[in-house]
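The two complexes that follow have chain A in common; it is paired with chain B in the first and with chain C in the second.
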Partner chain A sequence: MNENEKYLLKINNLKTYFYTLDGIVRAVDGVSLTLKPGKTMGLVGESGCGKSVTAHSILRLLPLKTSQIKEGEILFRRRNDKEVIDLVKINPQGKLIRSIRGKEIAIIFQEPMTSLSPVYTVGNQIIEAILLHRQIEPQEAREHAIQMLKSVGLGMAESMIDEYPHRLSGGQRQRVMIAMALSCNPSLLIADEPTTALDVTIQAQIIELLKSLQKQFQMAVLMITHNLGVIAEIADEIAVMYLGRIVESGSLKQVFENPLHPYTIGLLKSVPIIGNQTKKRLAPIPGSVPDPLSVIEGCAFRLRCPVYKQKECAGQEGAAMVEVEPEHYVRCLLYDRDEGVRGNEN
Partner chain B sequence: MKTDMTDGNDTVILEIKNLTKHFPIYRGFLRRIVGNVQAVNNVSFSVKSGETLGIVGESGCGKTTLARVILRAYEATSGEVLYRQNGEMINIFSLKGQELKKLRRDMQIIFQDPFSSLNPRKTVMEIIAEPLRIHGISRGQELKLRVGELLELVGLNVKHMNRYPNAFSGGQRQRIGIARALALRPKLVICDEPVSALDVSVQAQVINLLEDLQNELGLTYLFIAHDLSVVEHISDRIVVMYLGSIVEMVPAQELYKNPKHPYTEALLSAVPSIDPNTHKTRIILPGEIPNPSDPPPGCKFHTRCRYAREICSKETPKWRDMGNDHYVACHLADQLTLQGITNNL
Partner chain C sequence: MITYIVKRILGMIPTLIIISIITFIIIQLPPGDFVTTAQAEIAASGGGMDASAVEAMRIRYGLDQPMLLQYWRWVSGFPRGDFGYSLEWSAPVWDIIAGRLGWTLLLSGLALVFMWLVSIPIGIYSARHQYSLGDNVFSFLGFLGLSVPDFMLSLMWLVFATMMLGISASGLYSPQMVDAPWSFAKFLNLLNHLWPPVVIMGVVGTAELIRIMRGNLLDILNQQYVTTARSKGLVEKVVVQKYAVRMAINPMISVLGMQIPKMISSSIIVGFVLSIPTVGPIFLRALITQDMYLAGTILLLMTVMLLIGNFLADIALAWVDPRIRFE
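Take a look at the complex of A and B:
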């Protein structure tokens, strides 16, 4: 198979900077990612690591005045003509991106409470999205909207379509958001912390729903979350982000069973596992995420890294991404040697 | 630091008896009461000195209301809360004025949101010193020393005493909140979702800190959270709440091995696991939590329970002792074999 046929979205060395009064925030600082059609990529990281900014860069939803994509390309394969376009190069307010947003790439936001407009009915908001992208009659669009509400598991879709969002619970609103996102049958769905604001039992419902819809609609999902458990449930591949960079990526199994980067290892160790020995001390990562305005030379994680503190980590660019085993990459000097694998005894 | 262990380990420090809190719903021009939100309904349990009692449940199940009623931030509709002071159980609801103020020294709370629970216009020094001033415990140089001591205790730099909360990260702010709660040397600390607003790596730091402080100061925790894995990690015993009532009370190790209530089973199965190899059968609860102003009759969970029988919608289940300190409110408790979490480690 041709190398180019494989990917749906390919991000190369993306750098998105924000210009604030206090200085430059390098929110995304050299991210590369490849999404395959029909697969789920999990993007994990703590708050402020740049995962949402990466998502917003793809859709070009960033504030125009204060932010800029400095470098890099975001290659996206269009659905019909199989043509590949670079989303970085197109006008963020132009017609082209608007025909992609919502139609080919859709997004679900974290807050189901604030991402629906309170002054329009649920139906209005879904129908708007459908009519924007399709040449169909309003009546037909309404029927399609009802269909979508049913497919996300909202039973009384016929009556719910005329409800205002405040009448719905958090889980129902998130379902409405998903229905809206899927109404134009996108080839890529970006889910930005879709379950964070929900209760565990509702979270389980939404995860199951996303899984089944993904199969049904044959779409790729970019799942952004800080919850490692959610990622483990849903993702095929994982990329771990820290301070604007991807520090480790690989398949779900590779990253969870054989984590390589000290940050990934630390993250996995700091989560209490249910059913595990109680009262066993957790192993937290020391310190906290550095100030986003600060510029850290070399490896961004070295200030908190328990394994390696030597001067090499501080050197200029830090480590490059190294392929330790097939498709399993890590950005750490521990592995950036000729021998490759070291420090594997975790 | 002196550890107060004179009470021994098994003495009950707090006892809650048939506690109920209803919030009236007013409607119309005359502000008539048209209904009640039954936030906490006939809840009874006791907390032993030095233990951590976890309270889990989804949003709206009444866990925070329960905490606030215990602290008398809300007045209870009925029931009693007994607290051990100088070897005697006293009813908190009968206290007034000076006596109540004295009691408040013993009971403190750590809030969920470290961003809204600290006054942005006060320095860390002022925030932590406030309870000490109000209770007239120390002043002047002594006050400053005590605040410094507290900051050290929670792992913050004493030099940062004069900074404002905005200079601190979420985890550090939560530490300030903990220092403030510990300022009066309380015996009972209510932790209301203390780590749910924090990042994973910082969350573990704060959990460890809370555990260390408990060992060092002999604190008793009432630990409220919705994250089962956190609660299970830190608690000795766990209370599971659903729609204002307790459905199960169980030692932590028993909870995941041997749940007795169908709701607990569903909660456990809903927790996403970080081990990609465990393929548990997930129980998806249908629907949502019913409206607490109009709870279903009989067992409140029967509308979403997959084992529900006729009796469940008619009679309220009794509180049953299943042995081994395990209590459950379910009609079918001894007929069902429920699935816990089996760990293959």
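Take a look at the complex of A and C:
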């Protein structure tokens, strides 16, 4: 990897734990990610693997009482002075993180129906964000909000700005959320399953919209989803996450054409292909996600892995990330050359 | 909004008619009538009435007429402000209760205000400091308030004020002030007699409202739009006040409507124990003597107050919640 290449966001060995009455949940257990400016990273994984917790950790939006970032760093390059700060070290309620939220890193959520407060108009909620981060007059902010609503494809922006969210459809609300997120021109947009709650035609529209806005606003996007179709549409790079760890990462082409980790292979196999009229059943991944409270030694996927080798995979540490081809990493003993245990040797 | 209000007002009319009928039937339900009770009281004091006198009394009061006619005689006067004639007090019902109704309204209203002013800040504190010492203390006090009945609190206050503090605790004024001309001192004296019943009436509801406010807010603090607000970069104080508390108030308004009947019945009991001239003592007496027009009118007016209270709560709710406003 070219060390000189500038990153926008770099997560190193992030560990975010939740402290529940039943014990510690290691929601994120050693995630490393690198986002380049202007690029889209797709973070894929099934429910409960820690995708959203990773996103919330970046913006420090996690509940203060029950969660803690145990380890790791989240390095973020600020916009103008190019200074790099570690988001893990700053006060989650302080001034610094508040000047980053909404202004440099914005987020949109899965549920557009509940993402907006029902008692304030759309305009109120967007203008509030604009006025917070920009020194402009309320009238100007209103103009800008209308402009933003138009740029997310809401034609009746002038009247819609005074509407309450319950009068809008799910797709319209998600567009409003995107308009609000982009209103201060962030350098990173985190999209936390933005299309999951929408129906398929609207999903496609929202993805198209995000793609065109990304070009227009020159921002990086961290697209969190369990939908591989969405990833294929929009991502430049992919990181596959399983039980709090990245198990494989690389460019879209590398991961889709040459998946290495048994989990990635399983994920890709379990996608239905429209028009495929064969009577073949989908190949699901056997088993289910282990209990979040349990601590699995070694490779977390070994319990469901089709090529599982008892002794090696159950080792204390598990595999390290290995670069199999340039910029294509995998965390699996099958490819761990340093250890000298290739899967086919035994 | 205006059509909504007009609709609600028109909707109250059939409700009122039905309530007046039910009220009248309930008042008539106990065996006997006012004359029987009067007869019994006279007999108890050693006197006697012969059959013809009893019959004459019945005819005079119209108690011999069919129930439907009696009902009609009662309700037909309402538009003129005539609520019938109290058989026991020999005076128009309205003259007897008008002043007392005012005190009932004042006490109930003040108790509602007290409940809100106390429970909302405490609810917010408790939710934001869940399971902290303060939260637990307030919860404990709240449950204590919830479990002690209002008449008990009234009695305890009477005993405490009279025996320990040596001040007058019943009535509206201290004995030496009752006949004094209006002055600032008398006004202060009135206030000193008003706050204990208000607090006593409010205690039970306050405990309930604290729990509701706390629960609402805890719920809402986990809502997505609160996270959205935070992710914009808003200060925590604004996030909590503008997005969370503002939403948690809405159910409090619906609950306010439900607290009104409790306040009214509480005003009867507390008024009775603390000798405050609410309609309470008179109502109780009217029920015992089967003074039907008086009892019926009080019951009916209580229901009207309840309806109006709920109506106001609904309007307030529509006013604060756009989702209802645009229905």
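Note that the second predicted complex is superposed on the first by the 331 of 346 C-alpha atoms of A that agree within 3 Å, B and C clash if a C-alpha of one lies under 4 Å from a C-alpha of the other, contacts with A are read in each partner's own complex, and residues count from 1 in each chain.
Definition applied: a residue touches a chain if its C-beta (ideal position, glycine included) is under 8 Å from a C-beta of that chain, and two chains touch if they have at least 3 such contacts.
Being a predicted model, the structure only gives us computed values, none of them experimental.
K.L.:
So if we stack both complexes on chain A, do chain B and chain C clash, or do they fit?
P.N.:
fit
K.L.:
With the two structures laid over each other on chain A, which partner does A:G229 touch: chain B (first), chain C (second), both, or neither?
P.N.:
first
K.L.:
Could you say whether A:I207 touches chain B, chain C, both of them, or neither, answering first, second, both or neither?
P.N.:
The answer is first: A:I207 touches chain B but not chain C.
K.L.:
Could you look at A:I285 and tell me whether it touches chain B, chain C, both or neither (first, second, both, neither)?
P.N.:
First partner only.
K.L.:
Quick one: the Cα-centre angle at chain A between chain B and chain C, nearest 10 degrees, please.
P.N.:
70
K.L.:
Quick one: is A:R98 in contact with chain B, with chain C, with both, or with neither? Answer first, second, both or neither.
P.N.:
second
K.L.:
Examine A:I107 and indicate which partner it touches, taking first as chain B and second as chain C; both and neither are also allowed.
P.N.:
Touch status of A:I107: second partner only.
K.L.:
Residues of chain A touched by chain B versus by chain C: which partner has the larger set?
P.N.:
The partner with more contacted residues on chain A is B.
K.L.:
For A:Y164 in the superposed arrangement: first (chain B), second (chain C), both or neither?
P.N.:
second
K.L.:
Going by the contact rule set out at the top, does A:S270 touch chain B (first), chain C (second), both, or neither?
P.N.:
first
K.L.:
Is A:G38 touching the first partner chain B, the second partner chain C, both, or neither of them?
P.N.:
Neither partner.
K.L.:
In the superposition on the shared chain, how near does any CA atom of chain B get to one of chain C? Answer in angstrom.
P.N.:
Minimum C-alpha separation, chain B to chain C: 6 Å.
K.L.:
State which residues of chain A lie in both footprints, the one left by chain B and the one left by chain C.
P.N.:
none
K.L.:
Which stretch or stretches of chain A touch chain C in the complex?
P.N.:
Touching chain C: residues 59, 61, 93, 98-103, 106-107, 109, 111, 114-120, 128-129, 132-133, 164, 166-167, 177, 180 of chain A.
K.L.:
Chain B touches which residues of chain A in the complex?
P.N.:
Residue list for chain A touching chain B: 46-47, 169, 171-172, 199-205, 207-208, 226-230, 232-233, 252-253, 256-257, 266-268, 270-276, 278-286, 288-289.
K.L.:
What residues of chain B sit close enough to touch chain A in their complex?
P.N.:
For chain B paired with chain A, touching residues are 58-59, 169-172, 199-205, 207-208, 211, 226-230, 232-233, 235, 252-253, 256-257, 266-276, 282, 284-285, 288, 340-343, 345.
K.L.:
Which part of chain C faces chain A closely enough to touch in the complex?
P.N.:
Going through chain C, the ones touching chain A are 223-225, 227-236, 242-243, 246-247, 250, 320-323, 326.
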